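Okay, got some structures for you below.
Common to both upcoming complexes is chain A, partnered first by chain B, then by chain C.
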Partner chain A sequence: MHIPDGILPTAVCLGGYATAGAATWYSLRKINQSENPREGIPRASLLTAAFLVASWVHIPVPPASVHLLLNGLLGAVLGFYAFPAILIGLFFQAVMFQHGGLTTLGINATIIGVSAILAHLVFQIRKLFGPDNRTATGIFGFLAGASGIALAAVAVFALLVTTIPANIDVEAERTAIGILTIAHIPLMLLEGVFTALVVLFLIRVKPELLEGK
Partner chain B sequence: MKKYFAFLVVICLLVAWPVAAAYAHGVDITYGSTSAIQLTAKYDTGEPVSEGDVVIYAPNEPATPWSTGKSDENGSFTFTPDPALQGTWDVQVRKAGHGGMVHIPVEGSAVQSVSTGFTTAQVVIMSASVIWGLVGTALYFSRRKS
Partner chain C sequence: MQLQLDRYAYLETPLHRWDPRCKLVGMMVLIFAFSYVRDLRLLPVILVVSGAMYVYSGLPLSFLLSRLRLPALFLLAVAVILPFASGQTVLFQIGPLAVKEEGCLDLLRIAVKFFSILTLGIILFGTMPFLTAVKAMRGLGLPYILADMTLFAYRYLFEIGDDLKAMQTAMRLRGFRNKKLSGFSTLASLAGTILVRSFEQSDRVFKAMILRGYGQPASFKDEFQARTIDVVALLLLLSAAAVVVTTELLLY
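On to the complex of A and B.
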């Protein structure tokens, strides 16, 4: 899910930085418009730590191997704080673990962060079903977690397939990218269930922690 | 007579020359040692990048691939750099949008063994520091106002 250095053409990397910059600006503006912008920082900070280490949890899906991403969870719990949180998490993953890369930080932040914000919007739909509807919270928590992965996987697939350089085996690379994308379906379900469990837990013990509650 | 003989010799040489070249029975094999570079690509899970696309860039042409190939099922690939091209050879191994690049300095006949990445201990210490920083940030912003 993290695209490393040297895979994408320079123009795409620069475009990624432009979109990530715009998304950061928009997220920070949204955060600033909230009543108390500092209020969300502790949970954003803690979930950044969770996001940072989540990528170490590898799940073997033969023949590929995928890792946890948690962008749907961040989106559901943090709302617009998810974007800066993911940007910071990705930066540390790139410089410390060589997971992703600095040239592709913009494009990775755009893909993973914007998916998180869309997952947040999915999670907000639960409010249509009444303020304390646990079933709706569980269902939309699942959908938020699953859609975070699904959107990011589809975006990565589209980006990689359209930028395969001609000097490598294009057909084999396309197949390998397809297999890897399909391998994200179990992860999608897993993160959906995990996100549903987390939001149901939060709504029981500390409902004010859920964004937009 | 002497003139005829010389003419005959010339004719024979002209006819025999291409025949001799084409049907030579001696095979001359020369040999010498050269230094090849073997690289192994693994994912951060430790699994080898099997059948990964390998793209090699020579020091004088950093943008155009010098050669391409595929790693074997153990993620290994061996190539012999042109000794005339001194400098840093860049080799990229990629598969399904995942991959990395290694920079191999070739100076004279010596090739230094290089490896990318940190040791596990370094990664654990770095992660712990950053997590502590993030937890600290959370504690700072959630402290009670006095």
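On to the complex of A and C.
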């Protein structure tokens, strides 16, 4: 899901930094509007680290196993802190594990971060059904998790297929996007169910984690 | 769980001694200049420059190779797809599949740029402690929320990672086997527990930090002092980047 270095044209990478900069500015502006912006920093930081660690958990999909992206869950829990959290998480992955890249940090953050913010908005709809409605929490948790990865997957594949090799014809491009998106449907379902289970766990054990974001 | 990134950050080479802010700016500009390269004739140049800088950095080859393991899988995937999917000029056939010239050249372009940029990134963050890199970014204008979050997340990342390992061991000792999808809800509870524990810990961390004066204006001090040689080295790297971009514009 993370686009590495050397793939995208420089203009796209710089554009990615511009959009990530704008999204970060907007998120920080929202955070700064809170009564004590520094108060939320340790919480968001520890949760950033916790999300990164949680994404290392292997989910068995026989005969192999997968890692989840968890951007939908991150959006649901962290709200506007999700964008800086994702930016930092991707920076760690690029620098420490060579996963993703330094030139593509902006575009990766934009794709995954914006889909996390959208997932956050999807998850907020549950409040219309009452604060303690477990069914609505589960359903919108599923939708947040599935939409987070779905949006990111479509954006990554569209970007990759339209920008990498100039020699691939239009028909092949469409087929590739179609195949790759369909291949991600099981992963979307998996991510959606996982997010729903985690938010149901959180609402039972620590409901404050899902409040007021 | 230990971070290997800082392993060679304390060597005594000119690249290690270079002012971190100048190093960040210079290397990032060079990285973007390399990503701009499309002409095949420039590929050996960026490969030699990144290789020479790696040798100059004094970092061992094994360090580079160990960090290339994960990204090499991506390159392998590209190598399997591109030569067959991109272009019209058939070079040769492998059974029903045609290997195309344009696809092979695209692959070469991507592989060399990928390797060169990755090498520069490893030099950049392998020749200074990670904390120094974040402080240098803060010195270059990174907002305090991002700098603080990066430092805190870095501080707790491996601690939480160790917590995860301990919990997974405890689960295995209680008979949990992570081999079937039926254990899915247990894994979701595991992820949820990590979040809850981190959330609770963050409250304690924040209170302890407030007691130690966190949030006061002097919590970040610009501790870097660029020497003339640092600025000269920065200008040298910026010039090299400008030469690469100009040559690319003239050739391509």
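As a convention for this text, the second predicted complex is superposed on the first by the 168 of 213 C-alpha atoms of A that agree within 3 Å, B and C clash if a C-alpha of one lies under 4 Å from a C-alpha of the other, contacts with A are read in each partner's own complex, and residues count from 1 in each chain.
Note that in this section a contact is a pair of C-beta atoms (placed from the backbone, for glycine too) under 8 Å apart; a residue touches a chain by one contact, two chains touch by 3 or more.
Bear in mind the structure is a predicted one, so any value in this text is a computation, not a measurement.
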item	value
Superposition-derived comparison: chain B or chain C, residues of chain A touched	C
First (chain B), second (chain C), both or neither touched by A:Ile139	neither
Partner chain in contact with A:Phe92 - chain B first, chain C second, else both or neither	both
Partner chain in contact with A:His58 - chain B first, chain C second, else both or neither	both
Partner chain in contact with A:Leu189 - chain B first, chain C second, else both or neither	neither
First (chain B), second (chain C), both or neither touched by A:Ile179	first
Partner chain(s) touched by A:Val154 [first = chain B, second = chain C, both, neither]	neither
On chain A, positions contacted by chain B and by chain C	4-7, 38, 41-43, 45-46, 48-49, 52-53, 58, 65, 92, 96-99, 165, 167-168, 172, 176
Interface residues, chain B side, partner chain A - complex	43-45, 47, 51, 53, 55, 65, 68, 70, 92, 94-101, 116-118, 123, 126-127, 130-131, 134-135, 137-139, 141-142
Contacting residues of chain A [partner chain B, same complex]	3-7, 38, 41-43, 45-46, 48-49, 52-53, 58, 64-65, 92, 96-99, 156, 160, 165, 167-169, 172-173, 176-177, 179-180
Of chain C, residues touching chain A in the complex	3, 5, 28, 31-32, 35-36, 67-68, 70-71, 74, 82, 85-88, 100, 102-103, 106, 110-118, 121-122, 124-125, 130, 143, 145-146, 148-154, 156-157, 160-161, 163-164, 178-181, 183-185, 187-203, 205-206, 209, 214-215
List of chain A residues in touch with chain C within their complex	4-8, 10, 13-14, 24, 28, 31-32, 37-39, 41-54, 56-62, 65, 70, 73, 77, 84-85, 87-89, 91-92, 94-99, 101-103, 164-165, 167-168, 172, 176, 193-194, 197-198, 201-202, 205-206, 208-209
